[in-house]
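This is the structure I have questions about; it appears just below.
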């Protein structure tokens, strides 16, 4: 009995946090270890359902790199990256789309369904959700453009279908593909897509699930909060490097479009989304306007 | 961190219970020690808000005997009871109404408001909510009626105002008074009023908060479940006695009108409402059709 | 027959007045003799229902001084006033709230119900309706504050519950109590509460039912119209004195918040509300912007 | 002042009658003297607006015999009647339609508009409102059919357009024309059309404005109430004769289709509609099921 | 089969045009030969229904000069015109209204109904649709006014009734009459009424069906497009003369009020409305802002 | 011009067919040659959009056999069939799902989008759309079951997500996968899925696009209509053989669930859907109740 009372007390202690976010929208970029470990997968699904139940609307944007690589390998195609971006020829794009929209997306939907929630899988190609244009990497000056194939950047987001399904209590689970004006399909970085969608939804929060504790200082200690105005200095100073740079830029872009806060959190920690939303301390690194 | 994870896990483990009751209605008769102890009072308010947040609609019907007695005493009026029912002359009824509608009702509303919820206090006189007629106690045969004054039994419930305020997210907090066809006010037993309202709302559950562990066997052990068909035998056998008899009869009446289950639980236990709704074992005694 | 035709003609002659106010809101401060005399009480209820029927939305805010004094007396408490304001200690406040919310409020609701209307009684403590803060009387300079106890002034009005019940055809009947940020209850002057509510509702009219013919000139003749800009001069010139000063200030405050006209009328005259709304001449004193 | 109070009292005394009919529908057949006399015309318009204001939905079906005859005369066409029914050749039908839909209908609409109401004029040809088929008079046995030209009887009523305009607060004013399956236009008796529309609307009342006091007994005294089962006996007994026979048959037909009561009242009496609806005694003859 | 495929292909080829106008409003002034020829009449009705089916909302405003003249002749009244405007005495106005509202209007409604559409006939007198004031012709200076009787110009349009019926899928068919502030009826030029209604509806297009190919150049060749800024020059240069001048002025007025394009097209050509809306080339003369 | 008029005439001649199907639902099984030929693909998309535009709600269920086989081949997996059903091991199912949900589905959505329509791609795994259970082939008696792997039959259809997206004007495009009670994914025959969905939607029509002219008689002539009661005889008589048998059984099943008519038509013919819906003769073989 004492234990049961203790459990009930914990439910009730979540009240002030729930109150703060009820009726608001949170976009979660789902990827990394949290998408590979069977226990974590279930945990993510349950957290999403719980948030939906208490009136916090979650939209999920997912990646799927390892699954893509596995299929590419099965088909004898060697993946190729420049600066962390997948060089995407037509055959690779086919695999990317097949795996993201056809396998990973539906698996996440199925997870949520089996845990008792309601979810709909969408690709950025559905309902004109993500308009894209070809992305070129640039080096030094603008003229030195590198063609990395069918990789796109988001040119517009039409949230009508998200609003439509969410108004009926479904969670939208989105594969990050986009369509060009000419109908061509583009592979889009999942963080980028999540940030653009969060911006268009005027979400309260963008949460990036990563395989790191957050942004770390040079001495390896966690930086718990970063003002958008400080990001460039952190990069220039070599504090932030590698794959964390585009993640921080995504956070900044989302905030620039009206998202209140962005969070880079550790998806390997169980219940990390709830830890961020429903505890005082939060986890990981938050990025705020400033 | 471990502790925070543990707390999040507990939140998530409530999911299956929440799912079972989402979109359903629960009527809570609030009274006894849980209405006297300041800590328990806050706890009740928080439980109600939490249930509202997860989509379980709570309607509260409250008593207020001790507060009534205290004011009667201040005014030099001596309370009088027959068979547990207050003999209610005009002056006493004035005090009953003043205290229930004017003090206790608004205090509960205020508690919920201060804890961050939305509540509206109503009396059975508002919006034609409770129609009543004079109640006579009978002894032996029908002709031996005892007049106990302005005490009523419920003749009809009009739930329009409950539906109206609940559709906007307010919890209805109801003082158990009724109006006769001639406009006279009647004092109504709170358990009775709660049962009648639960029946009219076709509630999923009626929960009576009492100052006992539930219905106890002759050896003092808790009877965890009672079929409505067995109640009379329990009374006849002397297992159920005193104030527990009308409580069980209220439960049976509610179930007869379509309520799924009724519960007599221990309001002195913290979080008892959540324990009943959101744990496997439940607490107290449940009454079910049978 | 002739008489019946004459009656029908009178109904039809009300058309132009009804047209002017259809779809608009009127806040009536109900108090004084009109709340004491049994015939006048019924008449007020019927007028409110008629206005509701022809599409004019009435909100009632009521006082209850004599009833409060009578209960205080029963309980052996001596009422105390400074400058017409009740000095309100905790025990007095309990009585004020009990009587206003528990007795007077529900009696008005019951009257309207028995006459065939639909009404809901509310206190300013319901649904966060009236937020208040402690009121100090000041004399001379700001530093000379007099503490008169648990008397409040309105700091905010949240009309959501009024809109909710009125959208379903109920008349809201409101007891003038408020809640501080710390959850404390405050006694609020009914005129002040009515003015604040009228202002928040952007009402067409605020009507104060008084026990006088209106604002009288020094020679005792009725002043039928006063511009808000002239009020101070009337006070300074000693034309307006005593309890009429705060009433005029309430009218001015309401108009300042967007109410079109405020009226100080004689509640002792039968049908005085209809006389004001549905005749050319009107009665009492109107206060208009100017 | 006394007079003004008296007027307000009369308004308030209408309350119980208004309550009985609020939210219900009344179909008025408008014709005869009440459509010729300028004062009566205004009075009818005002009564309709008043009823609309107090929540009683009026639908008007009108005749126009005198105006039709006047135009026929201007065009040198001699009107022809058999058993009170106009023999309607193509040229006559053109005039009937022109006058009813084009002049009389719009004049009534304009009257209501100028008195401050909202009205829309419709013909039975609009929106598939009245489907008709050719009417033959029969004598003795079925085979002896008399062709009276383009006169129709109602085969179906589609009330969608009435519901549409009334939901926006417009009064529907209807000219009694119908359309055959082949698109042909038919002249329909206004009483018949009003009865059919009242039946389709499941109206509370059908009110026929006539130029008589009601149905009179052989000694000229008014019969205030007739059961539908008694009508044939009254006809057979020669009590009811001439044009009153089809009027009573219309009343019976309407009641047969679900109208609660039908009334044959004296349109020459000012305010006769209100006298029927808003007084105890009513006027004219009521027809009830029995 | 080949032919059927060809037909289906043509349906599909209309897609881009439909897409451009879906959800938009088109006002058609219907008159001239297209209202006289039985085949053209059916064709107009079918075009309107088709447009309604594909989501393009059509409002029809009609004339009726020939029908009016025919009835005037039957009644021995000689029509009289000044500068193309009918001198309208009271007797003539009666005939104008009778014929437009009573005959022509309902005939168009009936045509649409018989072809399977849904239509409601309205006059500018219904529902306060067209407010008018007396029109004077002026010559030279302002003081030289010519009184042409009960002819009006539009002073205000209230589109509530159009919105009401169109929201339920009805086509509004409107006879061009108006009402003065004093309730007087005015005869209004149908082109003028159509332009005013198109302007108030913020229609995408105003289409005037005429008996000419459009606006012709001096050498008789069609001018396919005219900027509003060029109209005066065309008149001054004698290119545009006679009845085409007020038509162009109507187009300019509509565009000035927010209509996107106005079209003067040849109603004698079958399917001319569809030719304008659903082909690349269009027909007749378009008037555009410039 | 003549040609343009001819085109407009053809549009208008579609009216009666459109009228018959407006507001109704049609489920199209899309597959075969019509999904391979680039011109036919565009044509199918355009037909769907046109039907949507004229108020006929289309739901698309698609196959994808050739695309699946092509990817299987790329991955070195040899497809295996028994009685026309794909033997589906886990690896094959992954490819089936990837190709159907990830590639084919999104390609159809993109086609409709690029042609100007609005579409959303769904899999039977989204939103609990298709519940499935393992399908066993049976031979002779029930005990001789053949396990063909992860192939399912439909046990339940939840159309909520279809209703949701279609209410906002989107076409639902559905990949035929299903989920078992244990969360396992099943490959479902597209004809079967289309029939089950049509049945649940109470569709007006189920249209199967095939690569044959329809059901052919033994002499190769088209059977234009088949009663459901005659199907078994046609199979027994050897008239219907091979893959046409399950197609006819799907049609019968759909009709059994309330679909009005089912059609087996030639998807190789351009505009075959419109030919079926919008011409008198229709094409292919219709299956009707009988």
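The first chain written gets the first letter, and so on, giving A, B, C, D, E and F; residue counts start at 1 in each chain.
The rule is simple: a residue touches a chain if its C-beta (ideal position, glycine included) is under 8 Å from a C-beta of that chain, and two chains touch if they have at least 3 such contacts.
Computed from a predicted structure; not experimentally measured.
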>> Just to be sure I understand the contacts, which chains border both chain E and chain C?
In response: D
> Most remote chain relative to chain C, going by C-alpha centroids?
Replying inline: F
>> Using mean CA coordinates as chain centres, what's the gap between chain B and chain E in Å?
In response: 69
> So what's the Cα centroid distance for chain A and chain F, whole Å?
Replying inline: 35
> How big is the gap, in whole Å, between where the Cα atoms of chain A centre and where those of chain E centre?
Replying inline: 56
> Which whole number of Å gives the spacing of the CA centres of chain C and chain D?
Replying inline: 47
>> Thinking of each chain as a vertex joined to the chains it touches, would you call that graph a line, ring, star, complete, or other?
In response: ring
>> Show me the residue ranges of chain C that touch chain D in the complex, using the header's touch definition.
In response: 1, 4-5, 7-16, 18-19, 22, 43, 46-47, 49-50, 53-55, 115-116, 269-271, 274-275, 278-279, 281, 283
> Of all residues in chain F, which touch chain A in the complex?
Replying inline: 71, 74-75, 94, 97-103, 105-106, 109-110, 113-114, 118-123, 125-128, 160-161, 164-165, 168, 170, 177, 179, 183, 185
